[in-house]
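Take a look at the structures below.
Both complexes shown next keep chain A, but they swap its partner, so chain B is in the first and chain C is in the second.
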Partner chain A sequence: MFKVLQKQLIKGFITFFIAVSITFLILRLMPGDPTTMLIDPRMSEAARQRLLIDFGLDKPLITQYFLYLKQLFCGNLGVSFVFRTPVSEIIRERLPWTLALMGITQIITMSIGIPLGVMAAYKRGKLVDQIINALSILGMSIFIPWLGIMLLFFFGYILPIFPVGGGYTPGLSVSGWGYFLDVGMHFILPVLTLTIIYLANYTLFTRASMVDVLNEDYIRTARSKGMEEKRVIWNHGARNAMISTVTMAGMLFGRMVGGAVLTETVYAYPGVGRMIYDAVGQQDFPLLQGSFIVLALSVIVMNIVADLICAYLNPRMKME
Partner chain B sequence: MKKQKILEVKNLKTYFPLKRNYFGQVTNYTKAVDDVSFDLYKGEVLGIVGETGSGKSTIGRSLLRLVEPTGGSIFYRGENITEMKGEKLRKIRKNIQMIFQDPFASLNPRISIGECIVEPMKEHAIYRKSDCFQRALMLLEKVGLDKDYYIRYPHEFSGGQRQRVGIARALALDPEIIIADEAVSSLDVSVQAQIINLFSDLQQELGLTYIFIAHDLSVVKFVSNSIIVIYLGEIMEIANKEDLFNQPLHPYTQALISAIPVPDPNKRGRRIILKGEIPSPAHPPTGCKFSTRCFKAMDVCHEIHPDLVNFDNHQVRCHLYQKKEE
Partner chain C sequence: MNKFRSYQQGKWLRIGQSFFEHRLGVIGLIGVIVVFLIAIFAPFIATPVSGYGEVKDILNSPSLEHIFGTDALGLDLFSQVIWGTRISLQVGFLVVLIAALVGIPIGLFSGYYGGWVSTLGMGLTNVFLTLPLLPLMIIAAAVLGSNINNVALIIGLFSWPQIARITRAAAAEVTGMQYIEAAKSLGIRANRIIFHHVLVNASAPILVNLTIVVATAIISESALSFLGLGDPLTWSWGKILHNAHRSGAFISSWWFSLFPSLAITFFVVSFNFLGMGMREALNPRLRE
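And now, the complex of A and B:
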């Protein structure tokens, strides 16, 4: 197990380094000059030059890159052009919202999607399977902003059950339970949106691997032992099918970041996704850089966790 | 001592659907097992031999209803297995355990050897929990494996060792009948001998009844008391071992026996080489199913389907013996 962890950490570090470098390059290659955003056009040329020097934007790209790396490993993500505050502070404020959103979506999609997939595989070719398949493909094909707006329209406007946006009601001066409830109400529609979109991933994936597993000889062995069908399916079937599903869960976390940006934008949700959307519009390079890095890091961490769970689930991997 | 009949199979048929029409009705079948009847007596070893695709594995699986039989009935101690449902069927499986062909695929890779043996005991709650563990260790020893293997996983074992695990697992429930479905055919010849010896030892020790399914007549010859020769889902000949080997009646049986290698280079018997491959069970020949490859085929063989008839302590399905019975 320790060996697996070691290997995963090295792999994770390399991935992180590559992600960081690509982030740097992409932002520098983006059209537009950040100085026009950062610096007031009415400012004198001398003052402009001084600011450029202050931010290190006058140096050659390669020097900037190494400075960036050096700062990064000291934990310094730079200062936002727009807010003029350290990026790490802004992200620290925003990140919990996004992580909570994605985390809860993951839990819900897993706990609904996996049983649905198992059921579809067990009833392969039957009506239940066909309905599950059709709905899954429908869910996968929906465009997130459209779904978000539809949900807002029906559950925020026509039937005003849920608040129309934000992460909490501004100016609401309640604490404890009341605040928790308020945040929860704001949470439901974004989570619902992401769940509808990503549920199919679990369902279809679990179904596919479960169909394979159910054809394995050891399933027949289990039946011949005289085991209850329920236990054959879950103890022998699903537990084996889960190995590949968990691997996918790690990767899905990465893809969900993209969905989170769109969802948070629709719901004006105070997370990193929404912030990225705003930062692109304002060409706030340090903030973009910072959020990409932090998101990359969380995706890498989730993948390491998924791989470790896999190793735990699969005795063959433990040995290697 | 009178022989006690514990399993009676009557007209067992297992058909697999091949084609369905637009309304989902089956229009064409593969007759994997067609009208097979036999009796199994306590303490006996019944061998079932046949080529690949002859339906012998399907017979084994149908007996436990791992494959749903299309027709016929199976009586275990007077109870009809084919009509059982749910709980009752599950309970009956306790008494009839199966050992499968592929020891690499038939063990769950995620479950340790010990758990694999303990699991059925827990499932049927026939032993107390602490006893289950002790019994698993005892079984491991009985099949010639180390007690320490309890916590190991299937991928750490060789084919022969895994097959021993499969045997220990099947024995865990103290079954009355064990169906060994090609249990040794995927093993090396030397390992085959070990496993077959293990089967015989266990039989004497525990008074087991076996159905031994194999494509290798020499293996079946070693363990069985009586032998069923099957071809394209039909019984061609049933006889006890001595009768079958000393005086094979059916041309197919004769061909199979002549194909057994004799471990003596000077003693080369006349080998009967059958022409061609076994026909597809989806399109069996008309008349006698063996007629297309039979070296004694007559005109009548291609037209009329022979019945299984009694002849000299044998039951045989061949036109050569049909008239003599009358």
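And now, the complex of A and C:
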């Protein structure tokens, strides 16, 4: 287990290093003066000079790169053009909203998607399987903003059950349970949107690995021992199919970030995703860069967790 | 040789037959053909829109004159959606081209040589599969400027990992075959073996995945356009949705967002169904 953790940490570190290097390259490779991209043109001259020195924008590119890394590891992500406050502070406020949205979606999609996939694999080629397949691909193909708009239209406008956006009711001065309930109501439509889209990934992936597992010798052995079919499928089949599904769950987290950006944009949800949308409109490059770096880091951490769970599930790895 | 050729023909015939047995795959194929027909015959279906419409035409609901209604500038939405098909195919084609040019060689070399080449190639692939790519594409598009070719270039440069992974798996399987060993012992240069023998024999799963890359490319393009990073001079479907969201009329004027969204969904579903049908037809393990 310790070995697995060590390996994952090294992998995560390399991934993070590549991620920050790519952003450096993208932001410095563009034509024109990088200072205009990273430092607000409306800033006072003294503040501008200080930032120039902080990020070493007056030095050669390679020195700039190392200074950029140094600043990053000190947690300095620059200053937002629009808010004029450190990027890290703005993101710290927004990140929990996005992580909560994605975490809850992840839990729901896994607990519905995996059983559906197992069922589809077991009934492969039958009507149930075809319906699950068709609905899964349909779900994957829906454009997220549209799904968001439709859900808003039906459940916020025609049948006003849920609020039409935001993360909480502004000005509502309740605390404790009432606040929790209010946030929860704002949560449902965004979570539903992401769930509909990403459920298919789990269903299809579990189906594929379950189809393989059901062809394995140990399944035939279990059956020929006269084991109950239910136990063969769930204890012997699904458990093994889940190992590859959990590995994929880590990767899916990265893709779900994209979905979260779109969902939060439609629902005006107070997370990092909506902030990215606003930052695009305002050409706030430090904020964009900071959001990517923080989101990349979150995804990397989730991947390490997924791989550890995977190692725990896989008896072959436990023996090592 | 003749015997081999007829065996090969028989193999493709069987794959074709099993493709047509798969209902979803056939639906996808028909959908893709429809998309191509609309793109080719766009000039005969609708006149392209430009500039501003008349004030009386602003946000009209669907009517005989404007069957998809009009947008906040008073322009015909039917025409925008039809011409958007061309943009989507253009983006899809460019993305696949770039992704294939980067992904296939990485996958082939990793699969053929194995060892550290594979560790390096697949390590890089996994890094890109792990990272949240949409925010990265957003930054790149914001920096590079959002003309439609730039957007396609950016999406393509971040779409290769899927292809690299599939190619590596297929190439590794082919490399283990005896005819590759035979080619090696004949002293054929490695590059020739890789790009002739391995690539040709590994091409089926790669082709399947190219259709899925087209589908994801359109979702990415629509997402970038929706977030305001689309080409201001073109009418892509995501761009129409951006205008709808921007105008604040996306709930009261339902047709504004409905038709471009249906177009995106139709396009993506068709390519995904096609890819799925092809995959089931090609995977001997899934065939009884």
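Assume the second predicted complex is superposed on the first by the 279 of 320 C-alpha atoms of A that agree within 3 Å, B and C clash if a C-alpha of one lies under 4 Å from a C-alpha of the other, contacts with A are read in each partner's own complex, and residues count from 1 in each chain.
Everything below uses one rule, namely that a contact is a pair of C-beta atoms (placed from the backbone, for glycine too) under 8 Å apart; a residue touches a chain by one contact, two chains touch by 3 or more.
Note that the structure is a prediction, hence the values are computed from the model and not measured.
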- With the two complexes overlaid on their shared chain, look at chain A and say whether chain B and chain C clash or fit. fit
- Check whether A:239 is in contact with chain B, with chain C, with both or with neither, and answer first, second, both or neither. first
- Does the superposition put A:84 against chain B (first), chain C (second), both, or neither? neither
- If you stack the two complexes on chain A, which partner ends up touching A:295: first (chain B), second (chain C), both, or neither? second
- Message: One more residue to check, A:220. First (chain B), second (chain C), both or neither?
- Response: first
- Who does A:313 touch here: chain B (first), chain C (second), both, or neither? first
- More chain A residues in contact [chain B versus chain C]: C
- Mind working out whether A:230 is in touch with chain B, chain C, both or neither, as first, second, both or neither? neither
- Item | Superposition-derived minimum Cα distance between chain C and chain B (Å) | 9
- Message: Taking the touch rule as given, give the residues of chain A at its contact with chain C in the complex, in rising order.
- Response: 14-15, 18-19, 22-23, 26-27, 29-30, 37, 125, 130, 133-134, 137-138, 140-146, 149, 152-153, 156-157, 211-212, 215, 250-251, 254-255, 257-258, 261-262, 265-266, 276-277, 280-281, 283, 285, 288-289, 291-292, 295-296, 299-300, 303
- Query: Can you list the residues on chain A that touch chain B in the complex?
  - Reply: 216-218, 220-228, 231, 236, 239-240, 313-316, 319
- Query: Can you list the residues on chain B that touch chain A in the complex?
  - Reply: 61, 64, 66, 90-94, 97-98, 100, 102, 105-112, 119-120, 123-124, 153, 155-156, 166, 169, 173
- Complex contacts: residues of chain C adjacent to chain A: 23-24, 123-124, 127, 129-136, 138-140, 142-144, 215, 219-220, 222-223, 226-229, 238, 241, 245, 250-251, 254, 257-258, 261, 264-265, 268-269, 272-273, 276, 285-286, 288
